[in-house]
Structure formats: structure tokens, C-alpha cells
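The chains carry the letters A, B, C, D, E and F, assigned in the order they are written, with residues numbered from 1 in each.
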């Protein structure tokens, strides 16, 4: 829930909200366009990126569907997508709700946002592919935000065969 | 549509928009985490909460799928969810669009927002469960918002068997 | 990605974001209520409105599923919906993410937003109908925004039989 | 008729002549289901619920409804009589009517504009006598084309004090005979001719066999066990005075009971996990029951009119529940809540508040939909092998002066076996 | 062949030897559908549309297409010849090509890297002769393994002035014989050798039997009745000069007509609800028709090339529509709009504007998809019992100098019965 | 048994007595699938994987699992023994347990509160002896009703060093006999009695026949070709020392190999498009392999325990993969990753990092799911006509000291034909 002190911090809160929602919109645009270089660029070098079943997350179990530490691993994943992982191509479409900002200490922002990702395979209908929420730690760097950490905690217990692209 | 005078009221409008979108994000987070106490806390004691088929709403018929008056009934519903209603557990995931604020008289805000709720049953795929729009009356209380009234007018003509948790 | 200079332009950026998100919310509300007169009113007289498969858009092919130039054609479409095109009625529900504003020169705004449209036919379940992104050119007119151009570039390779209402 | 051996399923052989053990294949076999459609929903001597008259107050008012899987139009003619016609054009089969409710002066199929009267007669069609070109005539229907042979399928209509039923059998008996003298008084008790007020609709898709819903409302054993509210607040439990009534065929039934104070009572609450000794409502308005004069005692009557409808009075809540089958393992369930013209605003609000107990989200019926789904899951996972055991209160079939019995279910399946010839 | 009695359906017995009454089971029975695949889409002497040459301008260009339910690759070889091969690896059946369009020098199945030439020949496979370890050799394919026996399924390719067809029958007749002398001139009229320009694709999934789309374009009766624009603006209506042409077999057809001024005309607009007397476009550019020299009269020709494609000229709009069947009750419908290399920018824009009339959102074709869906709903709801009535202009089959007729539909089903042996 | 001729499919006739050519219908025919359920998953002498003991540490701990399509409950009793009972109420078939994991002291079916012990015995049911009203007794179960006849289906339980299997066959042989002396050592190597630590679960739905996953892990031919990482980094390729082991029946198997330095090697990388000569990881921690003492050589062992589970050691990553069939063309695939109680935090982190190679997103297993889907697409598009060719290293079946072979697949289908009597 919004906290009592919020009103006082409004201008700051507005700026934070704008930055985070803008960031998520840009993040979605990058992934949905298959622009993975841009995606890597939205993380800090020592970032943490995890796609984890809610089942494990809630049970305190560490196993992820994808667990990448640092831009190097992000780069290895992107190389895999484009060069080593055979798969049928598909479109992703992210619809992300306005973020819920939990904290902003001026440098780091803690926020979450619900997302739905739709998959469309060539010549097919669009289907619900992966829904869940982002748990984020975002860091300001010269007016930009970069991801220090993004956990994609997904509800979807059954992945529709494979998960190739980042969420 | 945005109205001509909007520009003049911008700072206020920005604050209102932030508060409402924040509120909806927190509302989604509470329900999707199954945190029903928090959910009850987002309403005023004399609130009105209705989940109503668009079919009835458009025809001016009063029957709802769920119609709760006041926090007491909300509490009774929550007790039902946790203690009396046998059901298969499922995850909900709300994706709510930025709200459309119709009016803000400084105390009460009238707004609406489109939503999609996805259901995931244990060991199953995620599916479209309930889509519609929130018709809200929100009241400011020491910097917070509380729901005086939320109508969930849903398009989904066929409910997928049962509707246990609030929308 | 957000650009370095953003911080400096914040107040303006906030206003722009609010206007665009408000506009999209109002656009969704108008279409989902079947209020097509309001929909026409959200465009400029010499507007361009296209619903185009991503397949064609990415390949640089001009064919659209719907391609309307100017409010006159929008009016002809609306007349078709209500008077000439036999079809089963259905509900639409738009969920649109916060927009990504690319540019705002004070008069014209270039922005995009991801959307998901759900279809509900009478007595049926809700289904994913059309997902994609809006590519927009919006123009300020006395405090309002109007669409100079909206491209609905949709992923959904197979349209579920027919597409009657605008996206 | 078609063979009853679907690919890979076991032959539906029902051991013995009883009806207390229902084989799972009766709920899962697609051929069994097709035969059910043919013999019950479309078959000789059966009536299917389609509407309440109050939904169609004015001449020209129509609504789409279903008889089994068939889309039908229920429409009120200028003379205020009701017609039920199949929603399928005689020309090339188009289900032409798509708006669920509306007003009509005639029905026009969009494809080639064949036009039908509200009673289903074909009124005319374009170019029937061809098109004049100079003094030649191009095309047109054959000489022997007979409008009368090409109307919409007309169903027989039966109405009773506001209830509307339809039958594909022109020889179907009068409705009152169909329901029979044991059941009729309970219909009369609610539908005594007074005007109804429609409060609204709820729709749910339940992934289970349609008979499971009939069973559920012929099963007085479960409400006091599955539904916490019933046992705790005394709305339905085994220490009440109750009666289980059925028609001579055993297909229709009424479960009648009278609420008591609820609370603890060794015989019916001990060891019942759903009983909540100390439960109290935070807002009693949810259950602000006010007896109505017409009750004459019973606070609840659950009427099953085989095969398509349940009529419920549960304290101040009134509704019809329409069963629309959609394959052996799924049906749509459409609730129409109503009140009476002379209800006070308070009574209307009371009925609406108590509606929180029913429908897809209801405190005492959301879980019925759930257990039906899980029953079907259980039948499916064995591939249709196995049987239910409905032997509470023995294996016989009889009107029963209490609720500790599964006799109504046995009655329904005895009838089912006779008609299905299984 | 398989038995034609699916579980629970009625035996498909077609009364009499006519073709004016089509039984619903012809649209709903899964075994009928399978036989259709075997005899029409995959069968003796039939050709299926797969592409336009203009989609594959360069050597190495390929696109995925469909022959019935089979995924095939259409590819242009170094020598510019076209191959059509089935997209299914000879090793373990993998549908190995997943990118819908691209460039290829050979095809490599990812699972075990079996490699095929563009013509489908198996070029080689890893470890065919085993792996040397020291002087031992481990594994490898058997001595008698013959590359030639393990290529991709090769389809016979037929091209005609930019149209590309494929057949699983190596003995399939020349394309021009397949279409026949009555239909060829109308193909030549559009495809006379000039280069085509691809404008783009639209795809829709229509929940109806594939034959309903063939019928729709063999049905000159409906356009002036279902489609307001046609009757109101005189694009297609019964007071025009028109001809219905078919090939000797009755499987292919052309509907030819010439637009008129539209507006009121007792014979064809009276009582036609879709006719809008006072309707005028707010933006006439939507229908800014400019006759083209090659028309030589007709403003519209709708060509059905059984079983897979429709070629349309409707004023300045040109397209092919590919039918991809997906079960008895569903097909995908792929529109490819095109123009000609020498089109002026204005003409291209005109074709694109008129494209608003067609495709899944089209002013005069969105509703065709709708009525097809509702026809299938009508067939389904009776369980396949019932029949359509196609008797406008009698029960016979003949080339017809007007559009007040269902003769082309009768022609198609007469052919269907011969080939299906029903 | 049921006829093996589904409507419209070709009769499943398997030419000759070999097992090197598998007809497509073995993957697509619904009756074949049903027989597989009956004979393998539910059948005589077979064991199905259901859990790891470490998932159920405490008395009362239960989890839902599957045996074929049947929902079962795996539960630990007070005496720490494990029971596996079917999740289906003996009264009216309800799949009563819905929470996937939890603690239970008994099982209560919500519908009528029939109550079962953890071992599946029916403990009691409400109103079994009726309800006292005054001195009358209302209802109750018949005199001859026998609790013992109405328990849950009990499965035989087999555990081995932390692995839990269940069988519907009370006569099923000891687990160690079922796996056999050739396979057991490889199970012992991982499961030697030390305690396991559960790291978590991944679930994917793969739209292909369940046997394709068994094949995939009995196919040493593909990893060095499909999976870039394997061939490039030397995790699995044909120039390694490897062994293909199977049990006497040919149903279970182990693929054993030892990694090498990878890099270029004419015999196994030349012309292999998936080999990336210059590829290097940006972050080597993804493949920071540290040999463990218990390996005794092999760096990878892929164990298939027919028909339900794969046990994998691939360098430092350990997991079980549970196959849950869902029709002929789909199965759910559940990964449980684990480590050992005495793992250092570093080793745990290492196992988790290497988990990036596996599961639905894995660098070397996401594509296995993809090719399985495309295989099924290939089988489907021919209507089940056609066959795979598994003749690498001949047509025979034998323990094999290298990986250039498809012998394990041939072994499995030889067994399949014996049991299926096809």
C-alpha cells in the first residue's frame, strides 16, 4: 500500500515512477524486437538475472529456469539464442503493468511489476506464454537506470515446451 | 478523452495518476500474493465491492457474481476462501493498464482501468481467466487511497468453473 | 533506452508521459465500450490508421489488414461495422502498457506502446485475440492529444476468423 | 443407432440390473453422450428448459437459448404466443441469429436473405422466381420448390406459470404430465402465476459430465458435509426434517427441508471437518433470512427437472440453473436469479445479498463446481474403468422422509438405463 | 481405405445421385475429411497451389508452404528451377525447416545433421562410414544403406506464368490440362507472363470446413445479398451481365461479371435489407476504380482452382487465397495481394486502398468468414444430420450466362462424389 | 483388449520382425497409446518413478505425482514408511487431493467426507450407521457394506537409496531385478545411500509422443551434432571413450562417456555445422567443471529407466526427469535437480550454474524439446504413414563400446513389440 509519507515525496516519487515505467517499456521493446544487444546494455556488468518458477521461489529452492550472473553470461545466452540453440523462431510480446516502487534511496530503486508475455509462432495464433512478476533492483547511472538485479518469478507451471529468449 | 482544461491542472493530475496507478499495482500485488488481509485494508469500512458480468451491468440488472458491502463482508469472503470453500488452489496474475482518471475533487477520485487476470493451476499452463475493467471511487486518507467502491465489470461470459479469489 | 539528458527534461517528460498514457487509456475505453464516434474524434482529419501484420511490416511490404486515411475513411469503417458488415458481436478488452515516448518536440509526440486485445463472444470464454504494439504520432491541440498516425503492428499471425472492430 | 464401442474404450456393459453403481464410462464415453442427446435432449417425450417468460415481456422479444447442443431462438409473437425455432437456416445451414437477445419482426439469414416468420415458416427468398432480363427470366428456384418444406425446425413449446420448455417431439405429453403429480406441487409453490422479476444471469463452464450436476442436486448427503455454511448455520443438515420426492419415472426430484438453528449436534457435526463450531458472520446481512408467506414451512426446495434444469429456492434466494451439455466431459451452467413483482426493495436487496451463496463464486456452490470437475478427472484417469458407489440408505428407490440417502441418484440412473437401453 | 463410419456419426449415405443437396456429414465427418486429403490434396491427378514465383526471385530463396496438412518447402535452385520437397527428415521424421522464409544452399536437419540438396536428395550424413578409432571403425550405416532411398519426399512442380503448384502424383497431367480450356483463358487474362509485385500477406483461421470457402466463391447468389457494398455500389448484383464458367469436371470455376452503376433497381434491391439506398462513401478513394486495359470488359473474375486456391480480380484488387485445411471443421486462409511490375505508384496505392474490401477485415469478405463459421456451427449442432439445399436455377450442372444460380456448387459436388466414391 | 484400428488410421501393421524402422503410427495412434498405458504404465511387471525420498523428509509429508495419467499421492506414514495411493475417492470418484504438496494425518474427501488412512484404507464415512431421529434411525449404508472393499487404490511401493517407484502390479519384481545387473551399478554410482538435497523443479509440456524422450536419451548419435556445447567443449562427442549399456530386456539403458578437451578433430567436427571452432564462453563459470571422487571416470551417465524416468549426471549437474504422458502426442516433463548433503556451498552453486545447460531453457536441452515437437509434427502430417530409420551401427541390438550407434533405440522397440504384441 502507498505509505503515509508518500505525499511529501511526490515530485521524487513521480520521477522514480516515470523512470521505472519508461525503463520497463524500453526493456519490453528491446526483447520483443529481438534486440538482444540493447537488452544486455540494460544491465550492470555485475548484474543478476533469473527466470525462476514461483513454485521454487516460494519454497525457498534455488533452482532457476535461467540464472545468469553478470553481462558475460547474458552475452553467452544471447550467443546461444543466435548461434547454438536450435529452435523454432517465435515472437514475444510483453505487456507490463505500471511498476510498484518499494524504495528509492536516490541511487538504487527497488520495484516490482506484473507482466504477461504472449508467444506467436510463425503462421499461428498468439497464446499466453509466461506470466509473472519482475522483482527488480535498479541503479541510477547518469540519468539512466540499469538493472542490478531482475528476478522474473513466473506463475506458469508448465512452460510451453521451451523457453529460448529472455523474459 | 482528455479535456481542454487538463494542461492547467497538470501537477495535480500527475499526482492523482501516480496515486491511482500505484494503488492498482499494490492491489494486484496483494491479491496475486494471496495477501487478503492487505486486500481488505485497501477498502474503506463502508465500501462496496462487486464483481459483475458485463451482460448484467449493461442491461441494468443488479445480479453480481460477488457483491460485498463493507469490510465485514470482505472479511467473511476471505474466511470463506481460507476455511470454508473447498477448491483447487490457483495462482492469479493481474495485469492492469494505466488508469483513466475521470475526476478528482481533492478528496474523492473517480477512475477506471482495464485489467486481465491470468489463472495458473498447479502443474498447468497459464490461461486467460477474467478480463474487464475496474470502475472505482477512491478516497484520500492521510496521503493514502482507499476504495470506497470498486466494480469489476468483466467481459468473460463464461467463468472457468469457479471464481474463488477476488478479482 | 532512457537517454542521459532525460533527467534535465523531467517535468516535461512527466507531462508527456501522463498525456500519452491518459490518451491510450481513453482510446481503450472508447473502443471497448463500442463508442466509435469517440474513437473517430481521437484522430486528426488527415490521420493515418493502419492495422498491419508484423510479417509485412518487418518485410517492408505495404499490405495492411486495415488501412484508413483520414477521418472520412474511419467514418466509412464505423458505418461498415454498424450497418454493412454482418458479424457475430464480440467484446474487446484492451490492456495497454505504459507508453515508451521516443520524442516530443512540444507539438508532436512520437511514442509506442505494447497492447493485448482479448475477445469475448456471447456465451463464451475470453481469448487472446490480437497482440502487438502501437507506433504513434500524436499531436497536441489545445491541451489534448490527437492521433496523426497510429500503426497497430500485430504479432498474431492468424486472425481468429475476422477482425471487425478497430484495434 | 451407432455402435457403443468407441475406439479403445471398454465396451459399456453394465453388470446386473441395479442402479447403485454407476460405471465411469457413463460419464466419459462419447457414444453414450451422443445417445443421451438423441434420447433425452432431442428424444421422444422429453422437455428441455429454455427460458423464463419474464425474459420476453414484449411482442418481438427474442433470446437465444439451447436445447442440448442446438442453438434455438425463443421469441414472442405479435399475438404474445411463444415460439421456439432452431437457429439454423434451411438453405445452407447457417446459424444466422448471433445477437443473444433482441427484438425481431422476422428472421433474415444474412447469407442469401432467406426470410422467416417468427413462427419459423419460410416467408420468402430472393430471386425465387428468377430475375427478369428483357423478357427472359434468369434463374430462380425449381417449379416444385415448396416454401412449406423449407422452414426452420419448429419445436413444441410448453409454458407453465412463467417457465418455458421446448421439445423436438411433437407428441411430447403436457408439461404437467411430464413432471408428474409428485413434483408439480413444488413447482406450483414457487410458480403460482405471479409475475417474476429478472435479477440477472451468471454463467460458468464446468469441465464435467452434465449428469454430475443433476446428481449433485439429487444428493442430500453432501450439502451438510461439503458446505460449511449449511452445516454450521443449519441451512441443510441431517438433523432436519426433510423429504426426498421424485416423479413416477425417477427422473425428476425435489429435495425439501426446513432450516434449524444450526450449531453443535453430535449426530451431524461430530467429526465433520467442515463444521465450524465458533464461526459467526462478520456481516449477518449475508444471511438475513426472512421467511415468506408462500413457503408454508420448507425453507429450501431443490427441484431437478430432468435433463436440463434445476429450480432452486434456498431461503430467500430463487433461481433457475440451465444445463447446456458440451461433450461428455463439459457443460455450461447458466443461472437466472429472479424475484417477484411485489417484492419490496428490501426483499430484492435480500435476495441479491443471499445470491452471494450461489453461482460460480457462491459460498455454497462454487465448491459443487469444483467437486464435479474433480469427479470427471477421477473418471478420466482410469480411462473410464471403475464405478461410483451410491448405496447410502440401501440400493432401492423410494420416496424418502429424510436426507440420509442416495435414493434419488439411483432413481435417475434406473430411468437412464431404461431409456438408454443399457 | 478406412471405414467411413466414425464412432457415433451416422453412416454417410448420400441418397440419390444428385448433387443439389449436400449432407452435413460431408462437412463434419473426420473420415470423410481424411479421404479428401488422400484423394484431392495428396491424390491422383490433383495439383495444389503453393506459391507465386515472385515470392522467390533469387536462387536459394525458399518459403514454407502447405499441401493439405503437409508442410512443404518451395525453393529456387541455382539453375533457377523450382523444387517442392516435403519438410520432413528421412531419418526420424523431424519437420526440420522452421523459418518461414529464407535463403538456403542446402537443408540440414538439426537433430543429426543429415544434409539434403535443394532438390531433396540426401547429400550425406555424419558418421555414415563410422568413426575411426585407431585402426578400428566404430559404427556407421549398414553396407546396403543407399542414399538414394533416403531423400526428402519430392513433389512434382508445375508453374504457369508466375503461379506455382505442386502434386504428390508424379503422373499428374500438365497444369493447363488440369485447369482445362474453359478456365485457362481467365488465368491467362491475369497471368499473361508479366512480372508480379508482391504487396503482402494476410492470414486468418476460419473455423469451418474447407469446402465452404470453395462454395463461397462458386456462389454468385450471395454477393449481391450479403455484401452491402456489392449491391449498393453495383460491384456484383443480379442485374449485371455475368457468366458462370467451369471446367469439364466441374471442379474449377470462374465467376465473371461487369460492374454497373448500382443504386436502386426493383428486381435486385427491393426487400434486400443489405441494400442501402442513400449510402455514399465519406472517402471515395476506398472505391476509386480505374479500369485497366487488360480487363477487356469484366471488372471482376473469381477463379476457384480446386481444391486449394482462389484467384481474385475484383476491380483493381488482385490476390490469391490459399486454403490450408486443418481438420474437418477448420482451415487457414492465406491471402497474397499482388500487382504488376509496371504499375504506377498511383495504381499500387489504389490496389492497396481497395484491399480494405478484402481479407479478414474486408468490407466484403470479413462476413464471408463469419457465415462460413456459422454454417459449420449449424452442421455441428445437428450432429451432422441434415442437408443443404442448392437448387437455385434447378438441380442440373451447366455453364450459365447469369448469376442467379447455384450450378457451380452442384458441379463441384458431382465431381466430389465421383472421386470420393460416395 | 480394444481393437487397434482407430477410425481413419491405417491398421498398425509392423512389417517384418525388426525394430530398426519404427512406423509413425506407433507415435500417433490413440489406441496404441491406450495399450501402452495399460501394459507399461499400469501393466504387469512395470515400475513407475514417482518421487525422491528427500522430497518427503517428515512423517505426514505428501506430494502429488503421476503414474501414467493417474494422479497418485506419495505420502510418508508415521512409521516413516512410504505409501502410494491413487488420488481418487472410492465413493464417487473425486480426485480429492488438490494441493500439490503438504502434510496430512489422513485424507478426507471433501464431497461427503469419506476419510482414509495414509495407507489408503477407508477409515470411516459420515452416517454409515444412519442418523438417529428419536428412536428411529434414518439412512446409513447397507448391512453388508465392507470398509475394506472401499479403500483407495494402493500401489506397490519400491524404494532404492532415495528413489521412489510405484507399481499397480502387486506381483511386480524387486526394483533391482526390474533394472537388472547391467544397469544397477550405474544407479548405485549416484544413489549409494548418501542423503540428497533437493535444489528445485522445472516443468515443461512437450507436444510429442512420450517415447521420443526415451529415444532422445537412448540416442548417443545426436548430442555431438545437435548440441553445439557438447561437440565444441567436448562434453559429448564421437571421439570419446564411451559405452552403451542396456538391461537384458533392452528397455532400460545407460549412456556413459568421458569428456575430452573438445576443439577441432576432423573425424567428429568436420562439416558439423553446430561445431563452433572459435567459440569461447564469456563467463567460464557456466562450465566450471570440477570432477567428483565418486565419478570414477565417466563425466556423464544418462540413465533411462523405462518407461517413466531419466536420471542424469552431466558433469556436476544431477537431475531426475519424470515423464508424464498426456495423450499420444503430448507429455509433461518434470525435472528435479538435486545435490548431496555434504556438498560445499561452492559445489551447490556450481550445480546450479551448470543447470543453465538443462531444463526447458537449457543450452543443451531446450533444443531436444524442440526436435521432439518437430518429429511429432512430421509424423502427424503424413497421417501416421511412414517410418523412422534407426540403422546406425546396423540393425541389431547389443551392448556397444562406442556412441556411433542407434542400438539402444532398437533395443527399446524390440521390447515394446514383445509387450505390445505388435
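In this section, a residue touches a chain if its C-beta (ideal position, glycine included) is under 8 Å from a C-beta of that chain, and two chains touch if they have at least 3 such contacts.
What you see is a predicted model, and the numbers here were worked out from it, not measured in a lab.
Undergrad: Tell me which chains count as touching both chain C and chain E.
TA: Where chain C and chain E share a partner, that partner set is A, D.
Undergrad: Any chance you could name the chains that touch chain A and chain F both?
TA: B, E
Undergrad: Are the two sides of the chain D and chain F contact the same residues or different ones, given that same means over half of the numbers occur on both copies?
TA: different
Undergrad: Between the options B-F, A-E or A-F, which interface matches C-E on more than half of its contact pairs by residue number?
TA: A-F
Undergrad: For the interfaces A-E and B-C, which has the higher count of C-beta pairs in contact?
TA: When B-C is set beside A-E, the one with more contacts is B-C.
Undergrad: Report the chain whose mean Cα position is at the greatest distance from that of chain E.
TA: For chain E, the chain whose C-alpha mean is farthest off is B.
Undergrad: Just the number, please: Cα centre separation of chain C and chain D in whole Å.
TA: Whole-Å distance between the two chain centres: 43.
Undergrad: List the centre-to-centre spacing of chain B and chain E in whole Å, with centres computed as mean CA coordinates.
TA: Chain centroid spacing, chain B to chain E, equals 48 Å.
Undergrad: Measuring centre to centre with CA averages, how many angstrom lie between chain B and chain D?
TA: Between these chains, centre-to-centre, one finds 32 Å.
Undergrad: List, in ascending order, every residue of chain E touching at least 2 other chains.
TA: 5, 7, 98, 110, 203, 205, 226, 274, 332, 367, 371, 374, in rising order.
Undergrad: Identify all positions of chain A at which a residue touches two or more other chains, and write them in rising order.
TA: As it turns out, chain A has residues touching two or more other chains at 14, 86-88, 95-98, 116, 122-123, 125, 128, 157-158, 160.
Undergrad: Using the touch rule from the top of the page, what pairs of chains touch, sorted by label?
TA: The list of touching pairs comes to A-B, A-C, A-E, A-F, B-C, B-D, B-F, C-D, C-E, D-E, D-F, E-F.
Undergrad: Show which residues of chain F lie in contact with chain E when the two form their complex.
TA: Touch residues, chain F against chain E: 7-10, 24, 221-222, 225-226, 238-239, 267-268, 271-274, 367, 371, 374-375, 377-383, 386, 388-395, 401-405.
Undergrad: Under the definition above, what is the set of chain F residues touching chain D in their complex?
TA: Residues 2-3, 5-7, 30-31, 34, 37, 69-71, 86-96, 98, 108, 110-113, 124, 126-127, 130-133, 138-142, 145, 150.
Undergrad: Give every residue of chain F touching chain B within the complex, in rising order.
TA: 64, 98-100, 110, 203, 205, 332
Undergrad: Chain D touches which residues of chain C in the complex?
TA: Chain C reaches chain D through residues 86-89, 122-123, 125.
Undergrad: Please output the residues of chain A touching chain B within their complex, sorted ascending.
TA: Those residues of chain A that touch chain B are 1-8, 10, 13-14, 17, 54, 95-101, 112-116, 128, 130-133, 155-158, 160.
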